[in-house]
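Order as written gives the chain letters A, B, C and D; numbering starts at 1 within each chain.
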Amino acid sequence: MPVFVSPQKILFQHCDPARIVFYPRYFEIVNAVVEQWFEEAVGVSFAQMHMVREEGVPTLKTEAYFPAPSRLGETLQFSLRVIRMGTSSVDLDIRAECEGEVRVEVKITLVHISNITGKSKPWPDDMRGPMMNFITE
Amino acid sequence: MPVFVSPQKILFQHCDPARIVFYPRYFEIVNAVVEQWFEEAVGVSFAQMHMVREEGVPTLKTEAYFPAPSRLGETLQFSLRVIRMGTSSVDLDIRAECEGEVRVEVKITLVHISNITGKSKPWPDDMRGPMMNFITE
Amino acid sequence: MPVFVSPQKILFQHCDPARIVFYPRYFEIVNAVVEQWFEEAVGVSFAQMHMVREEGVPTLKTEAYFPAPSRLGETLQFSLRVIRMGTSSVDLDIRAECEGEVRVEVKITLVHISNITGKSKPWPDDMRGPMMNFITE
Amino acid sequence: MPVFVSPQKILFQHCDPARIVFYPRYFEIVNAVVEQWFEEAVGVSFAQMHMVREEGVPTLKTEAYFPAPSRLGETLQFSLRVIRMGTSSVDLDIRAECEGEVRVEVKITLVHISNITGKSKPWPDDMRGPMMNFITE
C-alpha cells in the first residue's frame, strides 16, 4: 500500500488562545511526518542528509486546507503519498484525519539541493527508488 | 496606496540547520504581519478579538511559494493586500522581498468566527470598512 | 520505580544554524514530557485540565543546565521525578541523557491554578495521589 | 547607563490555550533580546558570528522566574544587564516588566564557542569591550 502513516498527538504547544491548533504548528507537525518518512521509508534521515551528505530538502511551495479545527489532546492520523517525482523535486500529498473528519490537506513540493551550492541536485538512486513506492497513480 | 507594509527581521529562531528560514517559521512571521495589520490598520487587535469580542480569524487555507531562501540577519519587507472580501472571510496576498528578490508569496484565506460557537460570523462594519481600503483591484 | 521515562527524538525543527538544539526548543520538549506524565501517569490530561476542569499548571520557575549539545536525529532519554509536593505546586526534576552523556538537567516548579480566577488551587486528591508515587526521597 | 532595553510585544504565537504566554516562548523572546543586544550594542550580529566567524554563543544554563502571567497584546519592557564577564562566558540578567509588574526574571550563562571545534573560545577584544559597558556593579 503506497501510503506512509503516522499518528501525531496535538500537544499544548500546538494550540492557540482559541484552544485549537495554530496553523504554523501544523506545518511543524507536517515536517515531522516528512522527516519520519525520509528516515523510516526512504532510508535516508535528515541527520544523514544534512550532516553527512551536505544536502537538504527545502520546501519550494505548499497548498494547505484546514477544513475543521483540531483540539488539544486529539491524535491525528497523518498519511503521506507521493503525487509526482521530478528529477530533483517531489510533490507530496499529506493529510490528517481524526474521528472520520478531515482536518488537514497539504500538498507540498520539496526540492533536493546541495547545502554547499544551494542548487538543486537530482535525487540519488538510493532515495529515488524507495520514494517511487509511495507514488499514487 | 492600498498596501500594508511591515519589515521583519530574520532571527536565529527562524533558521534551520541549513542556515535558512525553516518554512513553518515563515508562517509565524506572516501571522505576526496579519496581527499587526488587524491592530494598526483594521483597528481591532487580536487581544480585543479574542479576549473581549470572543471572536477569531483562523486560517482556512493557504498557498505559499518560497522562490529563494532567506538568511539569518536579513530584513524582509512584507507587504499585505486584500484580494477578496467575503461576508465572513477575506483573502490576503502577503509577500516579502529582500534586496530586490522575492522570498515569500503567500495567499491566505481567513474566516471570521465566533470563538463560542466555532461558526463563521459576518465581518462587523467597524472591521469591514478599514479592510476594504486594502483591496487591490 | 518512581521515575517516568520518555524517549524524545531531536527533530529538524529543534535545531538551530549551529546544528544543535536551540534551547527554547528543549523547553518545548520538556513540556511535552510533563504533558505526557500528567496524562499517562497522573491520570489527568492537559485536555481535561484546560477544557473540562478549567485548570492549568503554568510554570512559576525553572533552572536548567545544558552540559553538552544535542544533535539532529539523536534520541534523548528523558526521566522525570518529583522533588517536592506542595499544597498547590510541585517541583519536578527532569533530565535527559544520550549515549551515557547528560544533555539536559531541568528543575521546574509548576503551580496548579484555576484558569477562571488565575489563582492557585490545591491539588485535588485524584492528582496528588499518583503524583506522590514519583517522589524521590 | 549600563542597561540595554527592548520592548517586545506579546503576539498570538506566544500564547497558549490559557491565553497567557507559554513559557518556552519567553525564552524565544529572551533570545531575540540577546540577539538584538549583540547586534546593536556589542557590535557583532548573530549573522556575522555564525556565518562569517564560525562562532556561536549557546546557552549553558539559565534560571527563570515568572512571577505573573503576560497576556496577548501586552508590550513588555525587557532590560538586559551583564552580571559577570568570564574569559569565554558571560552571565546576563534579563527581566521584563509591564504596567509596573515584573513578569520575567531570567539569568542566563552564554558560552562563546567555535562552531568548528565546538569548544569554548575567549571573547575577542572587539566583543569584550562593548560587553563590559553593560556590567552592573
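Everything below uses one rule, namely that a contact is a pair of C-beta atoms (placed from the backbone, for glycine too) under 8 Å apart; a residue touches a chain by one contact, two chains touch by 3 or more.
Not measured: the values here are computed from a predicted model.
Student: If you take the chains that touch chain A and keep only those that also touch chain B, what is left?
Tutor: C, D
Student: Which chain has its C-alpha centroid at the greatest distance from the C-alpha centroid of chain B?
Tutor: Chain centre farthest from chain B's centre: C.
Student: For the two copies chain B and chain C, what rotation in degrees overlays their C-alpha atoms? Round to the nearest 5.
Tutor: Answer in degrees: 180, to the nearest 5.
Student: If you average the CA atoms of chain B and of chain C, how far apart do the two points sit, in angstrom?
Tutor: Taking the average C-alpha coordinate of chain B and of chain C, the gap between them is 33 Å.
Student: If you average the CA atoms of chain C and of chain D, how far apart do the two points sit, in angstrom?
Tutor: 23
Student: Once you find the CA centre of chain B and the CA centre of chain D, what distance in Å lies between them?
Tutor: Roughly 27 Å separates the two chain centres.
Student: Taking each residue of chain A in turn, which ones touch at least two of the other chains?
Tutor: Each of 12-13, 17, 19, 22, 24, 28, 31, 50-51, 72 in chain A touches at least two other chains.
Student: Which stretch or stretches of chain B touch chain A in the complex?
Tutor: It comes out as residues 17-18, 20, 22-25, 27-28, 31, 50-51, 56, 58-67, 69, 115, 118.
Student: Which bits of chain D are touching chain A when the two form their complex?
Tutor: For this pair, the touching residues of chain D are 12-13, 15-17, 19, 22, 24, 72.
Student: Inside the complex, what are the residues of chain B that reach chain D?
Tutor: 11-13, 19, 28, 31-32, 35, 39, 45-48, 50-51, 71-74
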